[in-house]
Structure formats: structure tokens, C-alpha cells
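In the two assemblies presented below, chain A is common to both, partnered first by chain B and then by chain C.
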Partner chain A sequence: MNNEFNIVGKRVVRSDSLAKVTGEARYTADLKFPNMLVAKVLRSPHPHAKILKIDCSKALKVPGVKAAVSGFDSYGVKWGVFRYTQDHAMLHTDKVRYIGEDVAAVAAVDEETALEALSLIKVDYEPLPAVFDPFESMKDGAPQIHSEYKNNVNIHIHIDVGEVDKAMEKAFLVREDTFKAAGEAYAMMEPYAVVALFKNGYLDLYMPNAGPHVRAKALSNMLKLPLNRVRIRHINSGGAFGGRSEVAPGDLVASLLAIKSGQPVKLVLTREENATASRQVHDIVATVKTGMKKDGTILAKDYKVVYDGGAYSSTGPIATSIPFYVYEECYRFPNVRYNGYRVFTNKGIRGMYGCHGRAFLAGNESQMDLMAKELGLDPVDVRLKNGLKPGEVTATKSKITSCGLKETILEASEKTNFRKKWAKPSKRKGIGMGCVAIMCGFPMGFRSGSSAYVKINDDGQVTLVTGLVDNGQGNESMVIQVASEVLGVPMEDINLVCADTEVTNLDPGAYSQAAAFVGANAVRVACENARKRIVAIAAEKLGIKETEVGLKDRAAHSIKHPDKKMPISWVVREAFFRGEPIVATGSFFPHIDFEREWVTRPWGQMAGTFSFGTSVAEIEIDQETGKIKMPKFTSAHDCGRPINPMAVEGQMEGSIQQAGVAALTEGNLWDKGHLLNPNLLEYKVPLACDMPEIDTIIVSSRDPAGPFGAKEGGLTIRMNAYSAVACALTNATGELFTELPLTPDKVLTVLERKKGVK
Partner chain B sequence: MVLPKFEYKKARDVADAIALYKGQKGKAVYLAGGTDLIPLIKQRLSTPSVVIDLKGIEELKSITNKDGWLEIGANVTLFELKIYPWIRDNLPAFYESLEATACETLQLRGTIGGNILQDTRCLKHNQSLEWRTSRGFCLKSNGKECNVVKGSKVCFANYCSDNAPALVTLGAELKLEGPKGERVIELTTLFTGDSLKPFSIDAGEILTYIRIPAKKTKGAYEKLRVRESMDYPLVGVAVSSVGVAAKICVGGVGLQPRLYELEDAGIETAIREIADKASSDAKPVANAVVSPAYRKKMVGVLVKRAVKRAIGEGK
Partner chain C sequence: MKMTRVSFEINNEKVSLDVRPYETLLETLRERLMLTGAKEACGMGSCGACTVVMNGIPVRSCLVLAPEADGAVITTVEGLRQDGKLHPLQQAFMEKGAVQCGFCTSGMIMTAKALLERNKKPTKKEIIKTMSSNICRCTGYKKIIEAVEEAAKKI
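The block that comes next holds the complex of A and B.
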């Protein structure tokens, strides 16, 4: 790759790798503080019940128990991402709404004591009728889960662009199909954990999170503490995938226990609790109607998508919208109608997911292939024909700036000999392609932008301070690399302070794919501002023009005469002498339409830029067992300029596992309100032996606004890999999937449907 | 999930283990590799007050091949057996079932004795105490009825050893030693068909050796699972043959493995008949991660596959 930079674009070892591979890196559960207590939570055994009474008095008498709390110890402030979705008090006093919901908790000197105390908490319930299926839940007369939402419809997103019905009439070919997908478990390596300390009126908290500032704000509301009294501290995160974005019940529980006991409190969820009582992914049923011209042009789309929302709103409006947007940001829809319903059920809380929306996206893509086949067209041509191009505007009025969609489609199909293989599938083998686009950031009010500051120390080393968050994807290393490039010092000279609400400024966090485009951009601006100060002094000292100064290898040098140089540390000391130390701030605010609102005004510029990607899956189907093998998986990603190609490839590989291979194995199984697979044995995360041979292709498109041309790295593959697998099944069988995951029993049903076997 | 408190005792030899057991009046369990037992204790599915560790008993760690018998100490790990060349070369069904068990990390820990004596499993039973309390206890947790088949007074938990079906096809015998002395039983008679007491082992008896006739066989083990490693069998079929005759054993469905005998594995219609019979005999219920109808169908498919592969016709 042609590269004019010293370090940006290089395959560098991530700044966090050594600590992580040696086990030195600390996570929340590793933390130890003097007199720290162990917290345990009593959970609801009922899917829906009135709470009549909670009596913790016996639990408090157990020697070693220092505090016990329930909803009666909290203010009952209900949290919601939006003003109109505030329905989750985290510890409720009126009702429980799902099995595993937090009801009461204790803090004790050790786990055994805490467990004994839990068994002595007496809760009187009055069980209520419960509902587990969103379609049942929407019916008149279904048990009402929250009184303020009629028919349990939490969110209805209605988008109507153009004239869908007329366009359908004009279409040469119209198809309507319904696709289902089981919700997934995030299955982070690290079960959720919180450590809370309350001292001198200040609450300090450690937990894996995707955005410390939003977390602090939610807790300050719920605890009625001034915002500055709630401080979320930096800690490593063992995976998030969207599941650590929002405030969690455990945050409130640990905080209350720490406040009550006056001692540090650690709450570590079990694997089962992480599955049932932290967040889960939405089960989805998507009905997709498409009208196509004879030449494969999409004329109209009409959607009805039902999301099983579980018991509370969480990120409701966002979760109900995102699958649609990442699709309309990819293809041209002159007429489109989307009705998305998020419906409450008596199941666990649901959140956003990196692979969110697989029923909808894989459904769209495989239906498109079947229609292409009927029209005698090739899926590559249909995607190229309908794919958005730079400068175009999406159906809901987002302008696409840099766009390498076409290049990802072409490179992925050429690398795999796609057209030829697709045209001649065998019963046994199939090939499929999935495309998607992703917004890099989306409207989050004043939290949509990021600010960073940087100071250069007297030894020439750098302290960089940013609100940016790393959930394992390498964001910390990324901004260190950006700072290293701008300031001309090696990565190891840069100390990063991040994701600490007391010290760092606002940032969108590891949320909405904004870290590279927004967070790293703010770091770039701050470092450029510092660089100007360094260059000014160096120019003066070296006797050259400022434009002739270069920074590299800890030195300022003359670009014309590289031998003419001085260490940056000398420049910094000179600045200290002058009483003007080299410190600088920098901000980046993406170009977003802030009038845009998920429910009431679903149009306007969604994000500063969009990334694009294409995945190609090659599968082999065992005709007798229905078992799918996936020998090869190819993904091409337009991530702008990759800051660290190795990190982007890592994200792409992870995405292929978590979305592509998982499309064969992963799904939550339910027995009414009981999750049947709240463990890593029966919840089938793909293993090393299940992985295909992977080919990752980075399509470098140079985004005009991104830092060094960068956009998000990896998420498009997370949202198109399952589509590629579903399309490969369609290619091999000529049939559409009806339900994900494609476990062998479901695949055999598809094969038998084709053969006409009952 | 934290382990509950229990007393831990380490046995020096078999006699010591039995003596320790006798002192505990039925509240003790034996521990070998622990890969089955420890998760059961964590989930409070097993609630012993004393755990007697057999791992240190050296005499049960031997493999001998003499007088026409391969005799395997119950403490031998699955991994040691997998890398034992004579097994690989002569007992292919067993070799493949060892290879198909869990993953190598667990094969290094789990013993053959423990693998055979592993408890039966069910998606609605192998859950935490909190889960089962909330759901209502099933027959296997001493409740009143099955949670999978509503109203049933019979348990449908699955016996999920990969290796027992293979050993059944090889005519294996078990040596047991207990408070009442020593005895040898055929492996096929180990299974009672009663979920509350799946094995015909007396209180305090220890499985000491597994004996397999030491003759060369052809064979295969076919396993249905969602992932290529770790998973318990959704259906497991072992086949071993000597000459034209073959023994077929179906595991993974229901409380015990089922044995079928084929006089001439070269006759296509005979294979099909036995596959159909095995499929019809299998009564899977909705207690695993794929549908029961599918598992039933797969019994027949895997029987055909395993037989063909055993006699060298399949892939």
C-alpha cells in the first residue's frame, strides 16, 4: 500500500497486546481494595409478578453481612436512553418483569456469607400472567407489562418515502417473504462485573463500559447525586459487542451497597447471570416485500419488522431502526416503507448488538438473490446496480461521501471467482454475498463529538487525554498511533489517559462506530495544535521556515536538510522556559443533522460518514444431515484508510466468527421465560475448529473527513457476514432460509422443502 | 458459580477408597477427572458431603494387553487412550469416539471410568439450582413430573458418553470393586434405564478396570453435533465388525445406549433395515438443542454411515 506516513497505515503491535497476552492487564473482577465486600443479587424466579413485600431483616443478621438493599432503598428513578423510554428503575418495587430480574442484593465479607444471606431474604410475590411471544403480546387482552405502553408496543418506527404501493404495482417482479432469527447472546469473555467505592460523598465505579460519561449521567440521575460525584474510572473491558453500552442493574446495586456499607463492593456476575440478567439480543421476525424492475433495479421495499424487546425499553428506538438504516445506507430505494415494532415480553433486557438485525439483513439479501435468479441476473450486477455511489443521498436523506461499496463487491467477487461459482452451484455447494453500510457515529446530542487534550512533558514524552473507550477492538492503540504520527514520537512515548469521567472530556465512546472517525479525529486535531507550537519553536531555533519543519523519531528536523535537527525534548524545555508549556486541545464534531430523531423525524444526515463492506461465504451442505461446512470466507471492507491494517483485519476475522460462522450455530433457546442455554456449552459460540479459511481484503477509500482518511474498521463485516451465509444456502438450494441460526435440523427442513418431503 | 462446601478425601488405593466410603453412609461420591462431577456439584445437581478422590490411585492408571484382553485402568485419561497405538490400529470405533469426546484439554483431564459413569443429561435439568427452582423441579431433581414431556413420570435424559457405545460394540466388560467384594459385568448390563439410578452399581462400588477383547476390528464412530468440538453427541453411533458381522450401538438418545447386531454388514437391505429399526426405536424428546424429529431421523442416517465406513465403503 502506498503510504506517505511514518506510522499510520503500518501493521504495528497494539499498545495493549503485551499486557493482555501476559495476563498483566487488569479487569474489573481483578480489582482488590481494602475491606472490599462481595455482592450477590437475589433474582426474580417469576417472569411477571407483583412484589408485595421484600424483607431483608434476617439477611442483615447473618454475621459478616454489611448491607442489604432492594428497590425500597433506591429513589425509584426510572432510566431510559430517551425521555420517552424511561421505564427501567433497575431495582423495582412494584413488579418483576422477567426471570432473573434484580430484586434485592447483599454485600458481605465473602461469597458464601453473601449466598447464605440471599437465601434469607423473603420476597412475597403475586404471580401475574406473562407473555413471551411478541405477536401474542401485541394482541388485545395480553398481559400488560408496562401500563404506559398500549398493547405492549414499546416503539413503532414508521418511515415512508416515495409511493411504495404504486411502485409495487409497476414492478416487474414482486416477492414477499418472512424471516426469523433467534436473538444471540453477547457471550463476552468477561462476565459483567462492577466495583463501587463511596468515600467523602464521591462514588467511584469500575465496570466494562462503552461510554463512561453516559453511564455516570444515568447513575447520577438514579442516585440523585450531582454528576461530578459519580466518577467512572478506566478499566480494561473483556468484550462488549454492544452489550456494555447502557447502564446496568448491577451498577445501581453495587453503588447502593457501597453507599450503605461504606465499604468497597465488588459484584461479579456468573456466566448464567451474564446471559440472563445482563443484556441479550433481540429475537426478530422480518417481513420483506421487494418490487424489482426487469433489469434488477429495486423499485420499492415494504417492511414489517417485529423485535422481541424483552421487559424494558433500553435503546429501543435505536435498536428498532438500525437494521433498516444500515441497509438504506447501502442501496438505493426510491420508494420504501418501514414499520418496525419493538414489543415488550416477559423476557430479559435487550440491547444493541454488533451483529444486530440478522433476520432483516440476511432476509433482504437472500431474497434479492432469488429474485435475481428468476430474472436471469447475477447477484454481483444487481448489487452494483442498486448500490449507492459517492455523492448520493439515502432514502432518509443522508448524503454519502466516501464510498467504496463498488470496490468491495468487485474485489470480493473477483477473489472468489464468484460469478462463475454462483452460476453453477451444485446441490452440495453454494456461494453467497452480503453487503451493508454502517454509519460512523449517529446523533447523540452534544455527546456526538469528542474533545481531547495533549501535553508534552519535559522529557519529550506525551500525555494524551481523551474520553475514547476501548472494549477490546484496539481503540486505545489506534489513538496512540495517530498521536505518534502527528507528533513524530514513537508509540511507546505516549501515555494514554482515557475513559475516566473525572479527567477526560466527552466522547461518543465505543458506541455507534464513532471511535475512529470522531474520537481519533479529535486526538488528531489536538496533536496538530500541539505540533504547531513545537514547529514554531523548532523553526526559530533551527533557523528555517515553519513549513520546512518535519517531526520524526523524537526530533524536529529540516525537511530539506534532514541532518539539521533538534530533539523535541529541547523544544519542550524551551517552551517551559518561556512559560508556555506545550499543551493543546482538539475537538471534532461530525456533520450530523441534529433535528433528526429516531421516531418523530427519521430523516436528515445520520452520520459524518459511512463505511461499506462485502462478504462472500462458500459452503458445503451435507445432503443427509443438513450440516453446513464453511471452507472459505472472504470479506472486503472499505474502512477508509486503515490506521493499523492488522487491527482492522483482526476485527474482520472476529466479525466473520461472530456473525458468519455464528449464523450456523448461535441462538438463544427459550422455554417460555426460561433461557435454556445460559452457558457456553449449549450456547454454541463457534470454536477454532469451526472456523473457515479467511481472506480479508481492505479497500482503502480515503475518507475526506476521517483522521488520515479513516472510517470505522470491521463492523460492516459483522452486519453482512450472516447474509453471505444465508445467500450461499439460497444459491445451493434455490430456497430461502426461514430461521437463523442454520443449525443442521433447520437446513434439513429447507432441503426437504425443496424435495417436497413432508 | 462457587462450589459449595464439602469434605475432600484422597484415597491411597482402592481398598482405602472403599473404606473411606463406608464411613460416610451414602453421602460420599467418588471423584476421578472431575470433568463431569465438578460442574454437577457447582450446579447443585450433586450434593455430596464428602468427595473421595480416586485420581491418585496408581494401580488404576495402567493399560495392559495380555491373555487376549486389553485391560484399561479406570483412571487412564481419554487422551492417553487416544495416543495408545494399539487402540488406534485395532479398535477404530473406540479411537474415533475418544477423538470425538469434548476437546483435548478435557481429554487430558477426563478418565475413561468417569466417562462411562457420567450422569445422563437434559437441557432442562443441567441448570443451576436457581434456574431449576424457578422452573420447578423435574423427575431427575426429585420433582413430580418431567419438564420436557408434560405429565410424564418417565425421565428422558440422554446418556451422552461417546465412548460407551463404542465399548459396547467391542464387547467390553467392567471390573467393579466395592464393600461386598469384586465382580465383573458386561458393559451392556451397566445401564438400568432408570434415570434416578442410571447404573447398576452398588453403593460404594468403584469401577476399576475396563476389559476389551484384544482382537482386531474394523469400525467407525459417527457423531452428530452442532460444533466440531466440545459438544455432547445429539446422536452417536458406533460400529465394530469382525469378519462380515457387525455390532452397532446408538448413544446420545435416551437413558442408555442401544445395541444392534448385523449378521452380514455387506448386505445393503440389511443395513437399511437395521437403520430403520434403530431410528424407530429411538424416542428423542425436546431436551437437546435440535428438534427431536430431526434427531430421530439422524439415528438412521448415522447408522448407515457408520456401518458403511466401518466396512470400508463410506468416506
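The block that comes next holds the complex of A and C.
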């Protein structure tokens, strides 16, 4: 890839990696403060029960216990992303709605004392009938989990574009299939942890989070503290994958304990608590009906998708919509109807996931292949035919600007010799392709944009301040790289202050895939504004025109006569002399239709731009055991210009693990309200030996509005890798999957079905 | 509470300290010696995030009781740098982009270090097999394996 830049587009060592390889990087559980207490949480043993009484008096008498709290010590303010979804008080006084729900908590001088105290808290419950299956939950007479939601339907998203029924009648080929998938575990390696300190009326908090500003706002509401008195501080995060986006019950618990005790409080969840009581992923059942023309053109789609929403609303409307949108941003649907239902059950709280929606997306893609086959077409042609092109508008009226979908399809298929392999599958071997698009940011009101500021210090070093957060993707390093490019100083000269609500401005966070397109764009603008000031002074001092000034290697130089130069530090000192230090702000607000609303107005521009990608999986099926091996996996990505190709590859490789290989192994198992595999022994996260040979391709593309042409990098693969695997199964067997993950038992069912047909 | 005295050598320094008899080595390292490079991700031996090298063997410090470490020679990720110079594994993990969130990193590096100490020229297959004792949720392992291969060349 040719590159006119000094550092953007280069494979640079990430700025955060030194601290991480030496063990110096601090995560929440590593923090220590004088007089810090240990917190432990008492959790509900019932899936659904009335709380009659909570008595903490005996716990408080244990020597070394400094505070105990329950819902009766909080204001009962309920959290929900939207006004109409506020139903989660996090510590409740009326009832509990899932096993593992936070009921009360203590803070003590050490863990043993805290655990002893916990055993002395007395809670009287009156167990209520519970419901665990969303379809049962929707029936009349099912236990009501929240009184305000009839038939436990939390959210219903209804989208209807064109004339679906008529189009289905006209279609040459119509198919309807139902697909299921178990919710996955986020299984981020860092179990949830939070440290809270309350001093002089200010609450300081450290926790892994995907957006400090949204978190602070939620906690200021729940604690009835002014927003500027709740300060979320920067700390490293050991992975998020969507699971750290919202305020967590532990945040409220630790805050209340710190306020009550007047001492710092640390709460660290165990691996099991992290699985049962932080957040979980939705189980999904998707019915997909497709009408196709004889030439493979999709005429109509009709969807009914049911999401097991667990006990509370969480990001409900968003979670119920996203799988549909990432699909309609990829293909042309002249007629489409989507009915998404998110239904309450007595299971843990659920949130968005980087790989969210696999039943829906893998279902669509493998059904498309089966239909193509029936029509004598191949998956590549069908995807090329139906794939959106630059300048087109999606069914719900989002304009696609830059779009490298076609390039990803072509490059991935050429690299794998796809058409040939697909046309001649053996019983044992199959190849499959999955495509998807991803919005880079979505409407979040005034939080959809980002603002950053930068100051150049008197030695020419730079301080960069942004609300952007890094959950391990490399966002911190990415913005340092962008600043380094604009300001002509090496990355090590830039000190980043980020994700600290006291000093940083609003930013969407590592949420909605906005970090590169929105967060880094704000940084670019701030640095360009500072650059203008540097250039103006340098031009004056060097006696050249401003347009002739270049910045490189800590110096301002004449582009025509590179020997004519002066250090940036001199420019900065001159600026100080003039009483106008070089500081600058910059903002970026994506072009989004802010009238758009998830439930009431599901149309209009969703995001400033979209990323695209194609994955190809090659599998081998053991006919006797049903075990699938995956020797090769190829992914091609249009992420605009990659700021750091090595980091983008890392995201793609991680996605192949977390969505592709996971399609064979990962899924939460339930027995009524009990999660059966809450730890890493029973929940199978793929290991190095489970990984296929990986080939990643970044197609050449530039987004006109992205920073240096960049867009979201990696998530696209996270949402198409499982489709490739499911399609490979279809290619090998001629059958569709019915349930993910494709563990041997499920594969055997597919193989049996095939035998039955013969 | 009854405490037990343990002595061991850690990162080239001799230490002697009182621990609870049932305390894990991971707790001792993190809480008493402030060596927080080893992480607790599962606490039950299933992930390898807490790996340290004890008497040349990579151990899951969440499964070792502190008194068992009496008399042992232990290296943690904090002890890898020699005279301010990074260990080739640390260097390779950085350069190959093998680090994302970093929570598994110290365990990965310590597991790899023990491997390279007992097998100077491991094949790629051997590296994959050994590194499969540890979980990483972020990277897909490709760059981790490449980093170990690269470091093996340099040692």
C-alpha cells in the first residue's frame, strides 16, 4: 500500500505495549490506597422472589466491618439507556429477578472478614414463579417480571419497508428457516473490578469501562451527586467486547460503600460472578424468510427475531436492532420487514456484544447460499449482485459513502480459490463465505461526537487530552499515532491523557465502533488547529510562506529547502513570549440523522460511514463424531486506510477466534436460571491449538471523512466470521444449521437430517 | 491468625515474610510484594494469567500455596528486564503486536520463557502446544506465536 504519510499507515509498536510486557501496566484490581477496604456482594439465590426484609445489623457488628449496604441505602434511581427503559435499580428493595443479582454488600478490612459478615446478612424472600424461556415468557399468564411490560415484551422493533407480502408472491424462490444460537460469554480476561474513593464530596472511580462519560452520568443520577462530583479515572482495561459499556451494579455498590465508610473500597468479582452477575450475551431465535428472483436478486426479507433479554432492559432497543442494521447496511433489500422482540426472562443482565446476533446473521448468509445453489448460482455472485455499492441508500435510509464490500468479496474469494472449492465440496470438506457491514458510530445524541484538546509544552513535547477509551484494541496508540503525524513529532513525545471525566471532554467511548472515525477524527482536528499556529510562527521566523512549511522530526522546515528549519520547541517558546501558548481544541461530529430513534423512528442516516468485510472459512467434518476442524480462515476488510495495519490485523485475528472458532465451541448453558458453565474450564474459549491458519487482507480504501481515510477496524470480522463457518457447513452437507455453536452433537443432527433426506 | 514464615528468592532478591498458611503464591506476590504483573483471571488454574516461573517450571501461582514456595527460586514478569534491557520475549511481544488488552501478557511471556529455557529451538508446533496452556481473549494467538518464534531466534 503506498503511503504519503510519515507514520500513519505504518506498522508501529503500540504505545501501551511497553507497560504491558513489563507488568507495570495497572488494572483496577492492582490498585492500592491507604486504608482501602475489601467489598463483597451478597447475591440472590432465587431467580425470582419478593424481598421481604434485609437485615445487615449482625454483619455490622463483626469487628473490621466498616459498612454494609442494600437497596434501602440507595435512592432507588433506575438505570436504563433510554428514558423508556429505566428499570434497573441495581440494588433492589422490591424483588430479585435473577440468580446472582446483587442484594446487599459489605466493606471490611480484609476479604475473610467481609465474607464472614456476608454470611450474617439476613434476607427474607418470598419466592415467585419464574420463567426462563422467552417464548414461554411472552405467553398470557406467564410470571410478570416487570409490571410495566405486558407479556414481558421489553422492546418491539418494527420496521416495514416496501411491500413485503406482494414481493414474496412475485419471488421465484421463497424460503423460511429458523435459526437459534446460545448467548456467548464475554469472557474478557479481566474479571470486573471497581475501586471507589469518596473525599471532600467527590467520588473517584476506577473500573474497566468502554465510555467514562456515560458511566459518570449514570452514577451521578443514581447517587444524586452533581456530575462533576463523580469522576471516572483512567485505568487499563483487560478486554470489554461490548460487556463494559454500561454502568454495572458493582459501580453502585462500591460507591455506596465508599460514601458510607469514608474509606476507599475495592470490589473484585470472581470469574463466576463475572459470568453470572456482570453482563451476558443474548440468546437469539431468528426466523428468516427470503424471496429471491431467478437471477439471485433478493426481492424481500421478512424477519421475526426473539432475543432473550434476561431480567432488565439494558441496551434493549439497540441490542434488538443491531443485527438487522449491520445486515441491511451490507445488502440491498427493496422490501423488508423486521420484527425484533426483546423479552424478559429470569436470567442475568444482558448487553451488547462484539459478535452480537450470530443466529440472525449466520442464518441469513447460509440460507442465501442454499437458495443460490438451488438457482444454480454461486455465493460470490449472489453477494456481488445484492451487495450495496458506494452512493446507495439502505432500506432504512442510510447513505453509504465509501464502500469496499465488492473488493473484500473478490479478494477473499480469489485468495481462497473459493468458487472452485465451493462448486466441488466433498462430504467431509466445505467452504463458506460471510459478509457484513458495520456502522462507525450511531446516534447517541450530543454524545455522538468527540472533542479533544492538545497543548504543546515548552520543550516541544505534546499533551493530548481526549475522552476516548482503550479496552485493549489499541485506541490510545491510534490517537497518538494520528497526533504524531499531524504535529511532526515522534509518538514518544506525546503524553496522552484520556478517559478521565474530570479533564476530558465528551466522547462516545469504545462503543458503537466510533473510536477511529469519531474519536481519532477529533484528535486530528485539534492537532491540525495547533499545527496551524505552529506553522504561522515558523513561516514568519523562517521567512517563507505558510504553505511552504512542513513539520517533521520535531522541527518546522521549508518544504523547498529542507535545510532551512527550526525546532518546534523554539516556535512554542516564541508563542509563550507572545502570551499565546499553543493550545488547541478540535471536535468531530459525524453526519447522522438525530431524529432517528430505535423504536419510534427507525430510519434516517445511522452513521457517518460504514466498514465492510468478508470472511471465508474452510472446514472438515468428521462424519462419525460430528467434530468440525477448521484448517484455514481468511478475512478481508475494508476499514478505510488502516492507521496501524498491525493493530487492525490483531483485531481481525481476535475476531476470527472470538466469532469464527467460537461458532464451534462457545455458548452459555442453562438449567432454568442457573448458568452451568460460568468459568473458563467449562466455557470453552478457543486456545492457540484450536486456531486455524489465518490470512488477513486489508483492502485498499480511503474514507473521505475518516481521519486520514480511516474507519472502524476489526468488528466487521467479528460479525461475519460465524456466518462463514455456518455457510461452510451448508456447503459440505447441503443442509442449514439449526443451532449454534456447532458442537459435535449439533453437527450430527445436521448429518442425520441429510441422511434422512436421501 | 497463625502465620507461617516463608523464604524464597524472587527476581534475584532473597525475601523472607509471614504468610497465612492457606494463602496462594499469587496473593503473596500481589498483596505483600506488590508484584502485580501476574494477574488473577480465574483463580482455579484454567487460564494461565497468573503464571510465574518457579525453579525453572512455569506454575500457575493461583494454585500454589505460598508455603510451598519456601526455598524456591521464582521469576515474575517484573524480573525479566536485565540491566534495564528488555528480555527478547518482551521485545518480540511488542514488535509483533502480540499485546492487546495485556491482561494475559505476563502469563504468556512467563510460559514462553520457561519453554525457551528448556527447549532452545522449539518448532512452531511445540510453541503452539505449550502456549495452549494459556487463554487470550483478544489476539487470536497468531501474533503471540510469532513473537515466541521471533524471540527463540534471538536467544
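FYI, the second predicted complex is superposed on the first by the 756 of 758 C-alpha atoms of A that agree within 3 Å, B and C clash if a C-alpha of one lies under 4 Å from a C-alpha of the other, contacts with A are read in each partner's own complex, and residues count from 1 in each chain.
Just so it is clear, contacts are C-beta pairs under 8 Å (C-beta built on N, C-alpha and C of every residue); 3 or more make two chains touch, one makes a residue touch a chain.
These figures come from a predicted structure and were not determined experimentally.
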Fit or clash for chain B plus chain C once both are placed on chain A? fit
More chain A residues in contact - chain B or chain C: C
Partner chain in contact with A:D745 - chain B first, chain C second, else both or neither: first
After superposition on the shared chain, which partner residues are touched by A:T270: those of chain B (first), chain C (second), both, or neither? both
Kindly classify A:L687 by the partners it touches after superposition: chain B alone (first), chain C alone (second), both, or neither? both
Once the structures are superposed on A, label A:E653 by its partner contacts, choosing first (chain B), second (chain C), both or neither. second
Here the angle between the directions from the C-alpha centre of chain A to those of chain B and chain C, rounded in steps of 10 degrees, is 40
Could you tell me if A:R43 is touching chain B, chain C, both of them or neither one (first, second, both, neither)? first
Once chain A of both complexes is superposed, is A:A29 in touch with chain B (first), chain C (second), both, or neither? second
A:L52 in the overlay: touching chain B, chain C, both, or neither? Say first, second, both or neither. neither
Minimum CA distance, chain B versus chain C, superposed model, integer angstrom? 5
Residues of chain A that lie at the interface with chain B and also at the interface with chain C: 270-271, 681, 687-690
Which stretch or stretches of chain A touch chain C in the complex? 11, 13-14, 16-27, 29-30, 32, 187-191, 236-239, 241, 270-271, 471-474, 646-647, 649-650, 652-658, 679-681, 685, 687-691, 694
Inside the complex, what are the residues of chain C that reach chain A? 30, 34-44, 46-47, 49, 76-78, 80-81, 86, 89-90, 93-95, 97, 99-106, 109, 128-129, 131-132, 134-145
Contact footprint of chain B on chain A as seen in their complex: 43, 45-46, 99, 111-112, 115, 270-272, 624-627, 664-665, 669, 671, 674, 676-678, 681-682, 684, 686-690, 743-745, 748
So in the complex, which bits of chain B are touching chain A? 1-2, 5, 103, 123-124, 127-128, 130-131, 133-135, 147, 224, 226-232, 289-291, 294, 297-298, 301-302, 305
